[in-house]
Amino acid sequence: MANTINPYLPEIVTIKNVIEETPNIKSFQVVFNDPERMKTFTYEPGQVGQLSVFGVGESTFVINSPPTRMDYLQFSVMKAGEVTAALHDLYPGDQMGVRAPLGNAFPYEQMKGKKILFIGGGIGLAPLRTLILFMLDNRADYKDITIIYGSRTPPDLCYKEDLNEWEARKDVELILTVDAEYPGWKKKVGFVPTVLNEVAPSPEDTIAITCGPPIMIKFVLQNLAQLKFKDENIITTLEARMKCGIGICGRCNLGSKYICKDGPVFSLAQLKELPGAI
Amino acid sequence: MSEIAPKELRIVGFLCNWCSYGGADTAGVSRFRQPTDLRIIRVPCSGRVDPLFIVKALLNGADGVLVSGCHPRDCHYTDGNFYARRRLEMLKQLLPYLGIDEKRFHYTWISASEGQRWQKTVTDFTNQIHKLGPLHSTTEAHSGS
Amino acid sequence: MADTGFIPKEKWGAFIEGLSTKAQVYVPCLEGDTVLFRPFGKEKTLCFERPANSPPKSVIFPQSDTLFSFTFIKDPDNPQKTEVELKEHLDFPKTIVIGSRPCDAKGFTVYDRPYTETDTPDPYYKGRREKTTIVTMTCNSPSAGCFCTAVGGSPADKEGSDALITEVEKGYFIEALTEKGKEILQGPGVEDGKAYQGDATKKQEAVHSMVKNPFGPKGLGKVSPELFDNDEFWDNAVSKCVSCGACTYLCPTCYCFNITDEQTSDKGERIRTWDGCMYVHFTLEASGHNPRPTKFQRFKNRVGHKFSFYPEKYNGVIACCGCGRCIRYCPMSVDISEIVSNLQGA
Amino acid sequence: MGPEKMKEIITDVLKDVDVVIGYKQGFDKLHATPCFINKAEQIEEIIWSPVCVQNLASFLPSLKAKKVGVVVKGCDSRTIVQYMQEGLIDRSKVVVVGIPCTGVVSVKKVLDKVNHQPIEDVVFEADGAILVKTPAGETKLSLADVSPDKCSTCLYPTPVVYDHLAAEPIKSVKAPEDVYKDVEEFEGKSLEERKVYWEKEFDRCIRCYACRNACPMCVCQDSCIAESRDPHWISQKSNLSEKFMFHMIHSIHLAGRCVECGECERVCPMGIPVNALKKKLNHDMKALYNYEPGVNPEDKPPMYTFSVEEKKIEEHKL
Amino acid sequence: MRVGVFICHCGSNIAGTIDVAKVAAEMRKVPGVAFATNYMYTCSEPGQDEIKEAIKREKLNRIVVAACSPRMHELTFRRTIEKAGLNRYFLEMANIREHISWIGLDKEANTNKAIESVKMAVAKAMNNKPLYSQSFKVNKRVLVIGGGVAGMQAALDCADGGLEVILVEKSPSVGGMMARLDKTFPTIDCSICILGPKMVDVAQHDKIKLYAYSEVDDIKGYVGNYQIKIKKKATYVDWVKCTGCGACMEKCPAKNSYDHFNFGVAPTRAINIPFPQAIPKKAKIDPNYCRQFVKGKCGVCAKICPTGAINYEMQDEIITEDVGAIIVASGYGLVDMDKFPEYGAGRYPDVITGIQYERLLNASGPTEGHILRPSDKTEPKTVVFVSCAGSRDKSCGIPYCSNFCCMYIAKQAILTKDHIPDSQSYVFYMDIRSPGKGYDEFTRRAQEDYGAKYVRGRVSRIYPKGKKMVVVGADTLLGTQVEVEADLVVLATAVTAAPGAPQLAEKLHISYDTFGFYVEGHPKLRPVETNTAGVYLAGCAQGPKDIPASVGQGSAAASKVQALFSKDMLESDPAVAKVNENTCVGCLKCIMTCPFGAVKEKELRGGRIVANVIETVCAGCGVCTATCPCGAIQLSHFTDNQLLAEVNTICQK
């Protein structure tokens, strides 16, 4: 946190680029107005930020560009409520506020030397994207990387450019799926948990990282358990309504843990200790 | 803003689209001179006017509020102004209980052809508000507890 | 120690008035039959006889606080571009609270841990807390529903206060507890207090013994995890709760808040306002999903926070000061002490 | 008339319903608290005395799916009639156990009389006297002195609707013209006095929403516009205009619907006379449309209907 | 948000009293406004192009046009921005012409007011949401109310265009006022001779269903889908059996019945056929005079009727018809004589109205075309015509001109001379209004060729003197008092709205003016439309007019209906109420207040009850929104937040 004096005060950023990922998801690439800050800003994959539309409010999003690529910070926003709708009305050149980084990060140090399995659904690819790009930028540190990603329909797949790139790479296995048959779609059809079972990755020396809609996560966790993944090797990142982002305001707690401060990244082993988490 | 601004008071008008807004248009077409204080909000029907809009305006800085709809029985939506009449009358009686002069709020019925009546209503109501002066709103008196 | 003083009854008013020339002084005032903390003024009716209906937490943690204001600045020659200028509001006046109760003061210590003793201290709370002197008053008697002694407090507890005043027969005995508290002893009309120390101690002990303990002779024990996770237990316990927030807003230790933006034309504010985990909106997400949709889940979180989660995080400290307000003022007379008792199982 | 007859009735009713809502003793003898009875052994906990202040009918809409028995006083029974007018309950799924009532206590008034000491015991004597025991000693009070204002003008001591009656009906001895005397008295004050009065009262509001959530006719509850951004009628600021606005929302939404149970005012922790505005509105509804909420199930609340010719509304001249 | 603001000069209409450049400059300072400009005529083609280009160039996503009344050009600009790819509901208008520039001369105050008004529109626009219409099927049948010349023309034009027409006529025969006229000006054509064929066409057209002696009882629905209840009033004669032979009328003993068709010039029978050319030519009993009804016994007609058509037990009947559009041609009335105490208030038999005089002139009238004074059935030699009897007379409550009296007086003066060559006509007039083709020549002929003496001045008094009526008036040209001893006085009584016009307007949800005439959509540009979609006007229901104008309007209204019906599906207005099911608490107070029954109860999965709006039935009044305590039912385009944005903008300053 650069602003150690006031954790509530956002820093002003300018939107450099807006990408329409899907009909209701837009990605915003932003840079700090203060060029010095852009150089000193540090964070780790998995950490989140609060985006401000002044006059409307704040909402939390993961920083989905990796710290290895610091031309801009990228956030992806699915239109759902007041703040996200206002964000969708912004254009390149517009300003907004950012409070970042907040929360914890993926335990990427502990993942070094292991096989990595990413399982994502819909906008849930956003946090995984940070880590995937980070690992690809440090490719030697990790063994096999497998990505299973699905969405409702092909147009709902996020980060299509990345997907094309990953698909082309030899050191990444990308498995794409959509929920139902779709004209022109030649890849897998079926829900992500089902595809996970089809792929049936070995739990040996593997860390699974998953994020997606709650119902998908529920079945992915079940299926990973069936595949004999250990709880501590299953990592997920939680979404919750956050306000303060510093573990006080009382919204995002699971028992004594605050998702905004102690999370959002938890292992399944940790989550099982928390009341009401699963 | 301009120097004349302080001379004006804040008057909010809610006008139904079919009758009174048309009446105000008719007054305009006929070049009937009117005071400039009033700001008009177009609503489909006087029945759309939640009395809380009036309260909100009066609590937040308006000095007067005028609501005008179609004459009873002549509502474009049959019954809208009948509901409006009950709601607005309720408010009219409640305001003085709160210490707000009921003369700051007026509701009436003006048809699309009654440009002259509109002119008279705006003129008389504006004069009435000027006679009462600005409403010292309750905002920021002190924030307690 | 020379850290005590005494104010004769007849000089009490002048003492407070004197302090009010140097700082913003908040005192319990009687309005109708309600006692609440208000800025001191000569026209106010002061009331120290009983605890105020609402604790003085709003002095340090206002119900609504401006985190910062923002202004949109436009260059008319380039209307496409809008700059935003932010301005924090971190100037806080010197403030003295006189007449809080020991339970109220303990409330601030519950705030202190998450708000000041972290790597990201809350500058608004911290700033006001540092600028505020808490002058607490020993309770004359317990009130309906209070139970401070059962949660580690006492009617003469010193924790969280800068000075403690105990009313004795002829006046007010003051004990300074901190440097800020010592400044109070410089107030007008303060005499040497030594002679009254004994009277004060006697009174403090007497009141202490009058406080009831709802948890029985064994005192507050451990929460039974089985019961705590038993939905039926909670459902039965809170079926009469109407989901209002009187309990949380009157609670000296409840510190949840909301942050919202308010804008008028080219400027606005980001405000932080009281919120409470008893409200359904508190955790409602934009998608419509709500992790705590039922009132029993919300109540469970409230009790859990005070008697389980907070202690877990902060060395067993209970986030309840036993002031009894949530019981006393509950529309349906829901009794948190009863629920906590029942939670301890057989 | 002890609670024995009531217990008998409830024992009977319980065979037929999912739950009966009654009163039991709260954290002290001055406080009753609602109890939800679904087992016969809970019946012994039931009490009935002037400390039974809550309006238990308020719980009915939230229990719409169940068959519910409910204990009501005369004043509370109007809630049920109003629910019927507005279609908020299915009357066939509610069993009303009525209690003819000679008045309840105002806890605030009693506590004031005993200097807010902890209550050790409360005894209601046959002659209407109340003995309140505190650590400071015993105080003898008369019910009339510590009753809430609503009791002093109560026209419906016997419930207006019931399936069982726990005692002989009581006839009101109060004059109907006195019900709104306080409203008319207040109208005697100057505009400025009234404004100052309300500003002072509402300034104490902490927006805890106890008044709203305890109100039987506040149907919105979790969807209240006081907390929403869409529509965004008021901000969360705690300044006077927002507090004032909240109370205006509360009052105007209750125009011609308030059954005057007084719960809003009773539960206000800051002692704000929240019911007064609704009484004023009721007073006007009576004058304009001869309508009294919660009395006749066949009536229609005046804000949801109209007459083509409004006999009592005169056109306002400028 | 990127709002574009366009301030219209409207030539000097706006720019004359508002500093439009300043308004635009101020708007550029408003957060959210990405572009603001002022333009000479925004509604012109280049003006609209400018908006379209700016939307693309500046990536604008909300548009505010500050110009004339939205009632004038909202639709224009909605189409404009739609063409540029924006949802049409992203438009807001600020009315700075009718509501500002035209009503005040203080440029500074006007400019200030305009700035604030445009700010209000910007604030609202920022809250505008895209709305999408639904399509619904059009019922291509049209209801025509009124069988006068305007209504018949409309009905025939519609029917000839292939539409099914329901024609409802209040009286027993179509024809209206024109059927009562003897001749028409300025050609002296026989009125019934030119109207009669049209009446026959109406009767015989296989696309026209005629309900004579019927009234519209109730109208429900909306454009494209109206449900009409028609009350067929009891005639006590079975019209299926009645052949119109007239035998009953000859034998009817109740000879003193009031003759509505002839305006009481002479009595008629209780059972009668109103006039020889009546369509339908059927008999009808007037129960106010019929002995069977008044005395309880008679039954002569029942006995005489060769087809047994008489039915004394007949009741009014309600018939339902579904239509998609309505043409209102309900005609006019005439002011009562009792409005004129100075002219005897109807007490002098030889002071009659113009329409009564028409019946005296008419060959099929009660006098068979002989002009005979009502009092003694003698031929009048001196006839005085009084124009503006009520018209242009504020004391009478009729400030307007009745449009065609000047012309028919001239015609009647001419006809009088034709009928009685030794007669002398006097015409008291205020101004001679004869602006039509050939009209002025016509009034001159009356004076120059037929010797009618025109006196400019009002008649102050008429009183009887022996067998004469003394007409006292002023000659304002000579400045003298004039007295004429007349044998007959004809008053050109003022045209009024038809009796019951306001009640019919209420059923139709259309506006009417102080006098009961229906208000057109725009006085210049939408003369036969109303502000209610699907309802059109023709003839004197909208205001006094002569036959060619009425016929023109009948055709115009018919062409409007044809245009409306040219599509199979209509687009619904999406500015209707919408329920937020997350916040609706199911109290259903909206159902209690909706004037259209458009809100219904709906059960969600899980059993929760919420309100549900039937979009095509909702008319968009917003009564439900003002009723809903939790703000869950919002009228689109006029939501609480949109109106609050406007209120807040006014209140800040």
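The chains carry the letters A, B, C, D and E, assigned in the order they are written, with residues numbered from 1 in each.
Convention: contacts are C-beta pairs under 8 Å (C-beta built on N, C-alpha and C of every residue); 3 or more make two chains touch, one makes a residue touch a chain.
Since the model is a prediction, treat every value here as computed from it, not as a measurement.
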item: Path length in the contact graph (chain A to chain C, fewest steps); value: 1
item: Highest C-beta pair count, chain pair; value: B-E
item: Chain nearest the global centroid, as defined over all protein CA atoms shown; value: B
item: Chain B and chain C: spacing of chain centres that average the CA atoms, whole Å; value: 45
item: Separation of mean Cα positions, chain E and chain A [Å, integer]; value: 65
item: Chain C-chain D separation of Cα centroids, rounded to whole Å; value: 30
item: Computed distance of Cα centres, chain E from chain C, in Å; value: 71
item: Junction residues of chain A - those touching two or more other chains; value: 82
item: For chain B, residues that touch 2 or more chains besides their own; value: 51, 56, 60, 73, 79, 83, 87, 143-145
item: Chain D, residues touching no fewer than two other chains; value: 204, 206, 221-222, 229-230, 233, 237-239, 270, 303
item: Residue ranges of chain E in contact with chain A within the complex; value: 1-2, 59, 61
item: Chain E residues touching chain D - in the complex, by the definition given at the top; value: 580, 583-585, 587-589, 592-593, 607, 627, 629-632, 634, 639-641, 644
item: Touch list for chain E against partner chain C, complex; value: 2, 25, 28-36, 58, 119, 582, 648-649, 652
item: Interfacial residue positions of chain B with respect to chain E in the complex; value: 1-5, 8, 10, 12, 17-19, 21-22, 24-25, 27-29, 31-36, 39-45, 47-51, 53, 56-57, 60-62, 70, 73-80, 83-84, 87, 111-114, 119
item: Residue ranges of chain E touching chain B (in the complex, touch as defined); value: 69-72, 95, 97-100, 102-106, 108-113, 115-117, 120, 502, 505-506, 509, 511-514, 519, 531-532, 575, 593, 595-596, 619-623, 625-627, 635, 638, 640, 643-644, 646-648, 650-653
